[in-house]
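Each of the next two complexes has chain A plus one more chain, namely chain B in the first and chain C in the second.
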Partner chain A sequence: MIETDISSQRRAPHPPAAPHAIANPARKTTRILLASLALITLYALATIAPDNVDLGVAGKSFLHNLDLMFLHPHLGQDTLAQLVDALARSIALALLTTLIGAVIAFGLALFTARNLAPAPLATAMRSLMALIRAIPTILWVLVYATVIGLGTEAAVVGLSFHSVAYLVKAFAESFEAVPQEKLDALRVSGARFGLVIRHALWPSVRPSLLSWTFIRFEINFTNAVAVGAAAGTGGIGYYLFMSSAFYFDFQEVGLIVYLVLAFAILLEMIAVALRKHLAKMV
Partner chain B sequence: MAELTQFFNRQRWQRAATLMMLALLLVLPQWLLHVDFADALFGIGAGWQWLGKNFMPNQAALGDLGEILHQLGRTIVIAVAATSIAGVVALLLALAGAKTTSRLPLVQMGVRLFASCMRNIPFVAWALVLLFSFKQNDFTGFLALFLMTIGYLTRAFVETLEEVPRGVIEALEVTGARYWQIIGQGVLPAVSAPLMSWLLYMIENNIRDATLVGMLTGTGIGFIFDLYFKSFRYPSAGLVVLAIIAVTIAIELTSTKLRQVLAQ
Partner chain C sequence: MLTVSHLTKTYPNGKRGLIDVGFSIAPGSVTAIIGPSGAGKTTLLRSLNRLLTPEAGEIQLGNQEMRQLPPRALRLVRRQIGMIFQDYNLIEPLSALENVLHGCLGRKSLAAGMLGLYTKEEKKQALTLLEEVGLGDYALQKAGSLSGGQKQRVGIARAMMQAPQVILCDEPIASLDPASTHTVMTLLKDLAIQHDLMVIINLHQVDLAREFADHILGVNAGRIVFDDGPAALSDEALAHIYAAPEEAAYG
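This part shows the complex of A and B:
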């Protein structure tokens, strides 16, 4: 209280004008960007109101369902064993696709990093990966579900595809961060490509590859749940879809959400521990 | 010499342990899932072939171009609006939750816990629960994107705000500046670039995810893809995919460029 009083007394009658910002492209960009985002948002808000839904009623029903979900979770159609098994399947799917993705991505990233591969090849690989990444995971899964049949295989191929494209970009950037001197030191001693990779590249990039792979594992877990719901490939996502869109049992949805949350928070704790461990490794 | 032997022995053990663990991580999922890898491998080539044969947009598909572009535009607008509003809310939450800008440990913990839960609640659950109450329209997609963005942005903003040096805040505190003056004149200008960068990244991500959210909530580009795909109008579905690719790559390039400018 007293502090504010003093400070308001101390203020000069005519506050000095704030010093002019140094002409700074970042600041100008920020302003233009904020203005455009605000405009788009206003336009969206003005045109978004649905004409066939009473928002008050819908909001109330939503809050009621949230109450059912989060405060009264229970088992519905399925047993706990079924749900835990489905969760384990989703985790397994995420694990498998991340590992497959990481191994393939490591190989491909060697041809994508500008300091390892010839420039035209690096550019071509980069564009191809950007193209694959631009296609949403769910489309890959749907396409493969059509071609090889609905099942785990479609989910594995679809999720791995996207993981590879994502990790190639991340890995290649990690490779490019390796100091050129390190690679050259081995090259001038006559080491072949494989030896340069093994003894100069690998030790320097190991921590960052590990942390990228873990990030992708978290993404793949989310994707595994989503794909199970949207493409019907099984796992906890499928149960989530059935309980909410088919049985309208929001209490079971709540229980499934808590199961997924428990695993996700465990993952987050592992991530924190991993990051500490990696910080020590460097 | 003994030390060296010990070192190599330990290294060998570590390598063996790592390999064992990797093998376990591969075998365990396979034991649960029984993936037929031959089938999967065959599928990769077949999938591309199938795409090339069926998804080529033809003359009839071009007739849907107007509708596709309209839905794509709506999707982008909604993704931008949902992310921007989530950004404003997340900024307020982050101010209350960051150690540098908040003095209430209990609130800090509360914000973190909230962000962590929101981040990890599967967005499938959000989408489906919202769909039940708000029915199939753009507003449902908007709410779903909003709810799934809040957690991510709050966490990112908290981390960004905590990187503001104490000195900046203390320097303003000793001049007698009030809380909002410190935030407005000291903290926000210091972090505006990384905050904007996060916002852009999330917009980019949300436009990518909008396809999936749209499939679940029956809105925007995801809905129209689902519609074409399920009614076997593959050339039109192919056109949707091409449109998504073009937009995603354009947004990724723009956002990367903008983030480079911001980082200066």
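This part shows the complex of A and C:
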């Protein structure tokens, strides 16, 4: 199926091509790929040694755990106040790092946008930011943890660091979408560069900067939960880690997941409202 | 008085934009620059406020030579020169009034400008200008929601807010319908007379140049080939202005 789909797509722009094209290189590659995948799968199935696993028992206990988690969420080691407080800490971590990231990114994006900065500088900034972005946020937190020590400080610095690189790219692209002539129109009236930024660029990009920053807030919330477990930052991620990997308290895991989900839904509702508001601004 | 002499501009790709261009313009007049596409009309207009910098010649505004001015001094001279554009270049999410107020940013200190603090006089002046261009009722509307002709009039009010000596107009009516075209051209002409301005307009339409201009510059292949009043714009002169470049070079 897949092969015929691909080959018919390939042939589509050349209708007069022979119906049985021979030696199509793309087709050959696809065949080799599929054959290798099939071989690997067979090898894996033959060697995974499920000797000690009774699929019936395993399946049953899996369903039992799911049932405990999601149908009977319950408090365990910790009080609800503790969990809500931890959730608030994770949200605060996300909010703080997003704000730090956005403010620094705005400044740096002025040196990254091709319509504002000299070309060599813009290219250098762009490459540097791409390099920083290529390394996942969690790794940056761990990198900073070796410098600052495991804990909140490393999480704040690491999360902010990656946020800056992410937002610089997004902001710079928003800046570049403003036509050069609109900036020139104020520049040739004798306005200083700072005032051109403030009065021509800023009002034009404000909605898109807000929406990028909000997206980053969502990403940072996810990251904040994860670093709670991975970098000893505390927050809801730490409780999730302890209740699942330490106490095997699946009921509490379920409750925590629901708490995080509730906040995610709230975020989504805010996002929708924000989008409506921004649509009115433009 | 704006006097241009021996102005020459060569683009980095070797194309010659302007060749030994010279003319002078008196206050209280409308000057139209006409000529075939690619003749150098836009290059000429944009050299006058240094959006482009010619490599030789002089641009003299009053007693100030502009071509060689360093950035800081250039900023001060640019306050005297307003500009309006074919695509208006308004900041569309802002109100018409805010766009007009942008005209006085050149005079603002960095601190006051950053905070967006306009004085009462400035706000009054901006409102008066909007009324003058017939948009008093639209002051608080978003610029983006106005029609093309209205946007161009906001652009004119923004340029007037600079209290300029010169207004440069780069194809100001190329995106407008005939009725708006007439409104905008009449407005520019009236402003030139009332405020003793030098209005310089790039135009494609010869009949508009004849109707509204006091002074016509014909440009062909980077050279001024006509420099006279509209009465002198005979069919012969027109043919010369719009001649294919090779002929003009020998004309």
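Operating definition for what follows: the second predicted complex is superposed on the first by the 221 of 282 C-alpha atoms of A that agree within 3 Å, B and C clash if a C-alpha of one lies under 4 Å from a C-alpha of the other, contacts with A are read in each partner's own complex, and residues count from 1 in each chain.
One rule holds in what follows: a residue touches a chain if its C-beta (ideal position, glycine included) is under 8 Å from a C-beta of that chain, and two chains touch if they have at least 3 such contacts.
Values in this document were obtained by computation on a predicted structure and should not be read as measured data.
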Which partner chains sit in contact with A:Phe248 here, chain B, chain C, both or neither? Use first/second/both/neither. first
Looking at the overlay, does A:Ile270 come into contact with chain B only (first), chain C only (second), both, or neither? neither
May I ask you to decide whether A:Val143 touches chain B, chain C, both, or neither, giving the answer as first, second, both or neither? first
So, A:Ile48: does it touch chain B (first), chain C (second), both, or neither? first
Who contacts more of chain A, chain B or chain C? B
Going by the contact rule set out at the top, does A:Ala177 touch chain B (first), chain C (second), both, or neither? neither
Answer with first, second, both or neither: which of chain B and chain C does A:Ala154 touch in the superposed model? first
Let me test your reading of the model: by the given contact rule, A:Ala191 touches which partner, first (chain B), second (chain C), both or neither? second
After superposition on the shared chain, which partner residues are touched by A:Ala35: those of chain B (first), chain C (second), both, or neither? neither
Please indicate which partner A:Leu121 is in contact with in the superposed arrangement: first for chain B, second for chain C, both, or neither. neither
Chain A residues within the chain B interface of the complex: 3-4, 6-7, 10, 18, 24-27, 29-30, 33-34, 37-38, 40-41, 43-45, 48-50, 52-53, 55, 58-59, 61-62, 65-66, 69, 88-89, 91-93, 95-96, 99, 130-131, 133-140, 142-144, 146-148, 152-154, 156-157, 222, 225-226, 229-230, 237, 240-241, 244-245, 248, 250, 253, 256-257, 260-261, 264-265, 268
Interface with chain A, chain B side, in the complex: residues 22, 25-26, 28-30, 32-36, 39-40, 42-44, 46-47, 50-51, 77-78, 80-81, 84-85, 116-117, 119-125, 128-135, 137-139, 142, 175-178, 185, 192-193, 196, 199-200, 208-209, 211-212, 215-216, 225, 229, 241, 244-245, 248-249, 252, 258, 261-264
The answer for chain A against chain C in the complex is residues 179, 181-182, 184-186, 188-192, 194-195, 198-200, 203-204, 206-207, 281-282
So, in the complex, the side of chain C touching chain A is made of residues 49-51, 75-79, 81-83, 85, 87, 89-94, 102-103, 105-108, 110, 113-114, 116, 144, 158-159, 162
